[in-house]
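Lettered A, B and C in written order, each chain numbered from 1.
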Amino acid sequence: MPDASVAGARPGLGAGRRPSAVGRAFRALKIPVGDPFAVIGLVIYAVFVLVAIFADQLATHDPLEILFTEDYQLAADQPAFGEFVLGTTNLGRDIYSQMIYGTRSALIVGLAAAAAVVVVGTLVGLFAGYMGGWVDRVLMRLADIAFGIPFLPFVIVLAAFLEPSIWNVVLAMALILWRDTGRVVRSQVLTLRSRAYVEAARVSGSGSLKIVFRHIAPNVLPLSLLYGSISIGWAILTEASISFLGFGDANAVSWGYMLQDAYASQALSRGAYHWFLPPGLCIVLVVVAGFFISRGYEEVLFPRLRS
Amino acid sequence: MWKQLATGSAVALMAATAGGPALAAGDEIREIRLLSRPQAAQPQEFQFVQLIAQEWRRLGLEVEVDIMPWEQMADLVWYNRDAWDVTAWQMVGRPERSDPDELIYNLFHSSTAPAGYNFIGYSNPELDAVVEAQRVETDQDARQALIHQAQAILSADQPNLMLVHPRSTYAFNASVWNPETVIDQSGIGIKNVWTFIGAEPAGDQRDMVLNSADTVQGINPLWISGATDSWITELVWDRLLRIGPDGLPQPWAAESYAWLDETTVEVVLRSGMAWHDGQPMTVEDVKFSFEAPMGEEVPMYAPFVGNIAEIELVDDTTIRFHLAEPSAAFLTATLAKVNLIPQHIWDPVLTDLATRPENAEDHQEEVPIGSGPFRFVSWRINEEVVLEANADHFSPPLMDRWILRIIPNQEAALGMLRSGALNFLSDYSGDPTVLEGLAGELAEIELASTTDIGFRYVAFNNRRPPFNDPAFRNALSRAVNRDLIVGAAFRGFAVPSNSVISPALGFWHNEAIDGLETGPDVAQSLLEEAGYEVIGGRLHYPEGISEALSE
Amino acid sequence: MAFVLWAVATILFLIFRLMPGNPLAAYIDPTFTEEQQAALIARFGLDKSLFEQYLLYLWNLMQGQLGDSFFYRQPVGSLILQVLPNTLVLALGSLIVAYIIGVIAGAYLAWKRGTWIEGLGIPVVLTTRAAPEFWVGMVLLAVFSFSFGWFPAGGASSPGAEFDGYLDLYLSWDFLSHLFLPALTLAIYFHGLPLLLMRSNMLDVMNEDFVTMARIKGLSEFSVVVRHGARNALLPVMTSFAFAVGYQMQGSVVVETVFSWPGLGRMLVGAVSAGDYALAQGAFLLIAAVVVVMNLVADLLYGVLDPRVSHA
């Protein structure tokens, strides 16, 4: 609930204001390029995606390799902008390379989690809204339960019991955070159901599945994507929190892992801002990019705000 | 030993099918799994494990570093003793480990291999005999010779890859505590009961404010819980003897003690002692304290009193302990270990507990009552424990209050030391170089770093080939340059180790085995001598040996 | 609601009990004999069948019994109650700050619709929302505590401070100075919700007829915004407060660790790392209960105060 609300969309409220036509949804799906925020968000994403793809070329070292100086001393606590772009950690790892590879983990976690939330949430919303009856009741009960589970504690418990892995976050989001998308999509579907063209399809004998996927789904997809773009940020923030608390994946270099390492090695006390700040700023950038894009969607979906 | 495991014909067959020059050698050695805990929890361990794996790979071994949280690792290593290859491990320094018996006997005697501390499954009749002999040798010099001999046997066998004894590093504010009165206990460091009693306020601040990253589990004289808890129990409760700053037991609540014969110790209780509730301490209380763990309700202390056959009260101040068999470690492991508890409080509690499934460990006193130099004042969970000086004690502390703050954030603890909110940094698991920097920057912060009794090592599973071959273990151990580990993983805050008896225990440590010769060339020549061969970049067993574990 | 709580409790039970390994592995001292180990297992009722354990667990829950902590060897309920007030105060304190900042700034941004202030304001707000809480917390600590020394670096009160009960503690200057940084950290993260809600409500309200009427009557712009706009936009924002309390309970998990705050979130993290299933379960359930209750309150308030949102 907070995830969407904060970006301005008000679940439940938005559902009443109906978009006009399929054409508008189509335009929205084409990504909200008209909105300057969204464009900035998209540019940020594009940059990070490129960094992730070309990480091997951009990185100067293996992010986990223990580095030594020429006289066989541990290359620890090297300052930024010297031999190493962002210096090294207290145990001799290259910070810049970790940051570059961290982009991969961040995008993998973010996109996978967003995909999971969108798919699960949209399907639940579609079926609950269209089928109604006991299907609706069961699914909404499940959503109630999901709303009753505190998310971060749940991820902690999951991460502690399963092997430490970045996929725990994705799993937890798929299990819990579909709830917001599910509810909003459902109420959207409820209003769409009674639309003339849906009625027409039904009268002409189309099967339920066909109606759901051909006529209703395209109309709710932009709404799902709005939630998806926020989920990317959520997943990255959650991964960082989990790492910070020590339940992270020790084998995957992520920004959360870097922050945890910096924190546990007293980067602030040693004044190693070149270690502590970059991963945090990367997280802020990627997450805020998601928010910007979601705002773009919102402006398209709820033009009222544009006044 | 490994020859028994070979199945000759199968080896020949496999070598033949593999073809090529492998004919003379045994099987290729399987991928070795090296267990370690996550970097987030154990940055130094994570670091040295990577370095060790790197060295071993140069010998032609495939090494997979397998990272798992402590619970999983402990479960695998302790309860599935046949199912692992090599693991990083550590032994922490505790005052009672000042006596070498616990480390040299429990870790290596074959009797503890099935379920006890010898989880590596080391078995050597020669060592068994020596460590059994030192146990009952009450003559110190003769015992020292035996302990030295045991260390020499272990050095030759290398059942473990001993790495380092860390230097535990603490700091305190010298403008608050007179540095002359902060005592460095051998192998334990400045965080010890002698400092807490003797530390003299240098100015107006008379409260010692310390930190611990770990929360306090309980304040209970009959439960051995977390490490932090033991700092508190040592202050609230007295013991007949205490381990002195030199690492040897000395009289405490006992005015004196004497061995009457090999199995009898006579103790004279100090007169005028009282419990914190005002009741006098009597020899009956002392007897009760040692008898309580003999029942069902105090399982953790039971092993320490198991050797007591009878406790005899000679008069109002004299107690005689009759032992079942001679024991050199009795003073350290029993008299200096068991907390003295008031019978009038614990007798009814234990009687009641006998009727319920709970035991003494579940009983948290509202206000714990001991007789020690500090009285309990308050405990706020996850926040702080406050003790105050017991002015009526025979050795009253100079400070007013002892306040332990629970600070999980090490960076914040450093900030507090800097600002004066803490004046004694008693727990620091961060990078010692940062602390060193802080001490260099602020004149009043004084650093104290001590070589630990405890140690970090890599344990070989001696049950499993190829680690059942001493030559192989020796080679793997010598492949690792300890100085490199000290520098690259411990940032210089450790000393190289080749013995479970730390150099901090000067009397017991065998210096003759220090300075193990290491290097890749040393390791390679050892392997060659033993018949191991590198074929196609991979290390193979000596001729006639097959890989007994085919997964 | 009872159904949701039951479901959450059951899911938790299954997660904790179906995990591989002996749940007491971390607590069985390797020097124990097999009988001692068995006794310990029996002590915590782990020798019974899974189904029996489950029934016992539900039965105890209904009576408010959460079992005994493996780690502290004390009843989970009393442990949790010791730290719960600290977490509630932190959550409420941070929310009050967040709502004050959020409501005022939200109204302001709505008023400045279409100006550069709004153009700058919205991205800034979204950015505060995008920063990891522990990271913000550490930066605040470094600046305001380590460098300037204005605030203590952790804990909920000064070493050895004594108070007569919770009220005395919570109203003391000592406590409030300890509360400031963690509450600020949470508030920085959370103020975006009331801010954006307030702003969009304001935009709604400002288009309503009665506001237009006020303008026509020639009232000053400030008066229109505050007296007519903000007052009417505020109610729905306040209803989100209830839900925010539940939400903030989970947010405190991370912040409590950074600021060494003796609260429920830190207890949960500690219990999970120590493998203390009983305590972790109890702490989790309590947080879940607060979340569920607050969600319900929020729903009810929405229905009462904002008739537009009748349940779809």
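In this text, contacts are C-beta pairs under 8 Å (C-beta built on N, C-alpha and C of every residue); 3 or more make two chains touch, one makes a residue touch a chain.
Model, not experiment: these values are computed from the prediction.
Participant: So which chain is farthest from chain B, going by the mean of the CA atoms in each chain?
Facilitator: Here the answer is chain A, farthest from chain B.
Participant: Please tell me whether B-C or A-C has the greater number of C-beta pairs in contact.
Facilitator: Higher contact count goes to A-C.
Participant: With chain centres taken as the means of their Cα atoms, state the distance from chain A to chain B in Å.
Facilitator: That gives a centre separation of 45 Å.
Participant: Whole-Å distance, chain B centre to chain C centre, using C-alpha means?
Facilitator: That pair's centroid distance is 40 Å.
Participant: Using CA atom averages as chain centres, what separation in Å is found between chain A and chain C?
Facilitator: 22
Participant: Note the residues in chain C that touch 2 or more other chains, in rising order.
Facilitator: In chain C, 138, 141, 146, 257 touch at least two other chains.
Participant: Give me the residues of chain A that touch two or more other chains.
Facilitator: In chain A, the residues touching two or more other chains are 160, 246, 263, 268-269.
Participant: Two or more other chains touching the same residue: where does that happen in chain B?
Facilitator: Touching at least two other chains: 411, 415.
Participant: For the complex, give me every residue of chain C touching chain B.
Facilitator: So the residues of chain C in touch with chain B come to 21-22, 25-26, 29-32, 34, 36, 39, 42-43, 68, 71-74, 79, 82-83, 138, 141, 145-146, 149, 152-160, 162, 257-260, 262-263, 266-267, 270, 275.
Participant: Where on chain B does chain C make contact in their complex?
Facilitator: Result: residues 70-72, 74-75, 78-79, 115-117, 119, 207, 209, 215, 217-218, 223-225, 299-300, 303, 357-359, 361-362, 364, 378, 380-384, 386, 401, 403, 405-409, 411-413, 415-416, 418-419, 421 of chain B touch chain C.
Participant: Where on chain A is chain B touching in the complex?
Facilitator: Interface residues on chain A, with respect to chain B: 64, 66, 68, 73-74, 76-77, 90-92, 160, 163-164, 243, 246, 248, 250-251, 257, 260-261, 263-266, 268-270.
Participant: Which residues of chain B touch chain A once you look at their complex with the stated criterion?
Facilitator: Touching chain A from chain B are residues 38-41, 43, 46-47, 50-51, 54, 67-69, 410-411, 414-415, 430-431, 433-434, 437-438, 487-489, 491.
Participant: Which residues of chain A touch chain C in the complex?
Facilitator: 1-2, 5-8, 10, 12-13, 15-16, 37, 141, 144-145, 147-154, 156-158, 160-161, 187, 190, 233, 237, 240-241, 244-247, 256, 259, 263, 268-269, 276, 280, 283-285, 287-288, 291-292, 295, 304-305, 307
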